[in-house]
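As written, the chain order gives the labels A, B and C, with residue 1 at the start of each chain.
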Amino acid sequence: MNYDKLKGVIEGLLFISGDEGIDARQISEIVEVPEEEVVDLIEDMKADFRRAGRGVQIVEVAKAYQLTTLPEHVPYFERLATSPGQSTLSQAALETLAIIAYKQPLTRSEIEEIRGVKCEKALNTLLSKQLIREAGRAEGIGRPILYATTKEFLEHFGLREISDLPEPPVNLDIEEVRMEATALFGKQEEKTND
Amino acid sequence: MAYSIKLDSFEGPLDLLLHLIDKAEVDIYDIPIAEITEQYLATIDRMQELQLDVASEFVVMAATLLSIKSKMLLPRKEEQVFQPFLDMDVEEVDPREELVARLLEYKRYKLLAEQLREMEIGRNKVFTRPAENLAPYVREEDHTIKNVTLYDLIHALEKLVQKAKDKEPMTKVSRDEISIKDRMTQIRQLVRVGGGMVRFSQLFSKGATRSEIVTTFLALLELMKAKHITCIQNQLFQDIMICEAEGAQNDEL
Amino acid sequence: MNYDKLKGVIEGLLFISGDEGIDARQISEIVEVPEEEVVDLIEDMKADFRRAGRGVQIVEVAKAYQLTTLPEHVPYFERLATSPGQSTLSQAALETLAIIAYKQPLTRSEIEEIRGVKCEKALNTLLSKQLIREAGRAEGIGRPILYATTKEFLEHFGLREISDLPEPPVNLDIEEVRMEATALFGKQEEKTND
């Protein structure tokens, strides 16, 4: 594979790796190119991006490469955030809030287990919006912080108390959901029709 | 309730009929009703023998086919071009016409579904990333959140669980169902490897699923029809032997 | 602001909007450039991306612009442990959806009439995947629920709008199909004569 094609693949990998990022070793294994070469290529790409006036940049956070927006574009993002009809909570924040609402109090790692991805950013947003609060600490190693919803949460969603939340539309026990899904695939064979 | 489970390989009676018409290579506008009805009933019988529950829709269609067949046997009235308006008799209409119209319409959507499948496959080849949290870009003094309702919250939850359910794409993909055509080729190979003969029971692996059984059965019927194989059973309840039909040796696999 | 800078800003906005996408009108309001110019710029960017062998592309889905990876890079993403899984629909669900897409809004019994089988389960699957929605009720006995497709439907199939659906093979009106069939029966008789 030539270097230009390789750069395209790396950009795609960075793009879908999102906030978690991806490190040089992982990239090297996927594209089957030595790690040092990957590092060199990414340095090259950083320069390419700057030169081409691209709207994203490659940054290195905790040894993982990430694509992020440019700091000078913040004024535009502010306009986007406040533009009419724009929901100010991302899907990630909404999911995190929903989990906390139905399963509170719980720890960050419990939320992450359900969502399958990190949620530090979402928690910070929800804390800064005062939709959730720290509600003591769990027993056990490290005594992690427990999260719960706030009075503002109830106010915002027009709820008198937390028990007024509608029945969860779905099973929130992810392990059970996975088992259910597996069972369903089995059943599918019997009932492919509907 | 038992009737709600449908035959595995077909989406319904129309699908089965289209399959039979296709296999028989006959004109959909001029269906040989007697022949197709016979095959349709035979398929349903086999299904029942395999103790598959036959959905009521399949039974209703069987009745429809039989009724068309009997109407076709009636002598057709001479065409009366200038029939009085109110007297547009049913007998004048080809009894198959309504069925043909239904088959055509269903076929159309089946083709559209195929196109949608292709689009789905194409779309599944590209990935996006989740939208970024815009909250940090809202000025600090403004603590309110806008345009977020309880509905959004529940909706987010549903999406989340859906994602968890969808996380097993590999299991889904690997469960590739074998087509009747492929199964036909396999059976002929098995017969050949077995020196021109294979026991019926050998055609099924231990954990054979219903759809495998149905596919195998349909493949056998097709092969018999095409006179590639013959089935012999020496005694009742004995294993059926699948034998290569005479003259089938030279056919291409 | 010059066009190159503007393109950078638009890329940033596309990036930040992720799978929710952003439409030309929103971009136009944020960057304060007429909507038609935004559309032209994005067309330009699409070409730029291709020419530069970029690892992402701009697509139009559900009337909004989105950044996505390239289809030809799928083999690499599959090697990524966290590769985003995407789902495919069963044949039953797909047939039901095809009927709804082309004949919406319509009732369950109208769908069942075409498919020749019950489709309650398929409808539930499609509703839970939010590919269809209830769109009011039909007149008549029992006032049955009408079904129509959603924005998620467009997203699932990568359609810009509903009119982008492929042309149906032939007429979808059952009455016209009947007439067509009759016409053909007629022809057949003529043919058999010679």
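One rule holds in what follows: a residue touches a chain if its C-beta (ideal position, glycine included) is under 8 Å from a C-beta of that chain, and two chains touch if they have at least 3 such contacts.
As the structure is a computational prediction, the values presented were derived from the model and not from experiment.
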Per-chain C-alpha mean nearest global C-alpha mean belongs to chain C
Looking at CA centres, what chain is most distant from subunit A? B
Intercentroid distance (Cα basis), subunit C paired with subunit A, Å: 26
Rounded Å distance between subunit A and subunit B, as computed from the means of their C-alpha atoms: 40
Per-residue multi-chain contacts in subunit B, two or more chains: 6, 11-12, 55, 127, 129-132, 134, 158-159, 163, 167-168, 172
Residues of subunit A that touch two or more other chains sit at 15-16, 69, 77, 80, 91, 191-194
Partner subunit A, residues of subunit B touching it in the complex: 5-8, 11-12, 55, 127, 129-139, 143, 145-150, 152-161, 163-165, 167-168, 171-172, 175, 209-211
Contacts from subunit C onto subunit A in the complex sit at residues 4-5, 7-17, 20, 22, 26, 29-31, 52-56, 67, 69-70, 73, 76-77, 79-80, 82-84, 90-92, 117-122, 125
In their shared complex, at which residues does subunit C touch subunit B? 15-20, 57, 59, 66-71, 74, 77, 83-89, 91-92, 94-95, 97-99, 101-102, 114-118, 128-130, 156-159, 166, 168-170, 172, 174, 177-178, 180-182, 184-185, 188
For the complex, which residues does subunit B have touching subunit C? 4, 6, 11-15, 27, 29-30, 55, 57, 61, 94, 97-98, 100-102, 104-106, 108-113, 115-117, 119-132, 134, 158-159, 162-163, 166-169, 172
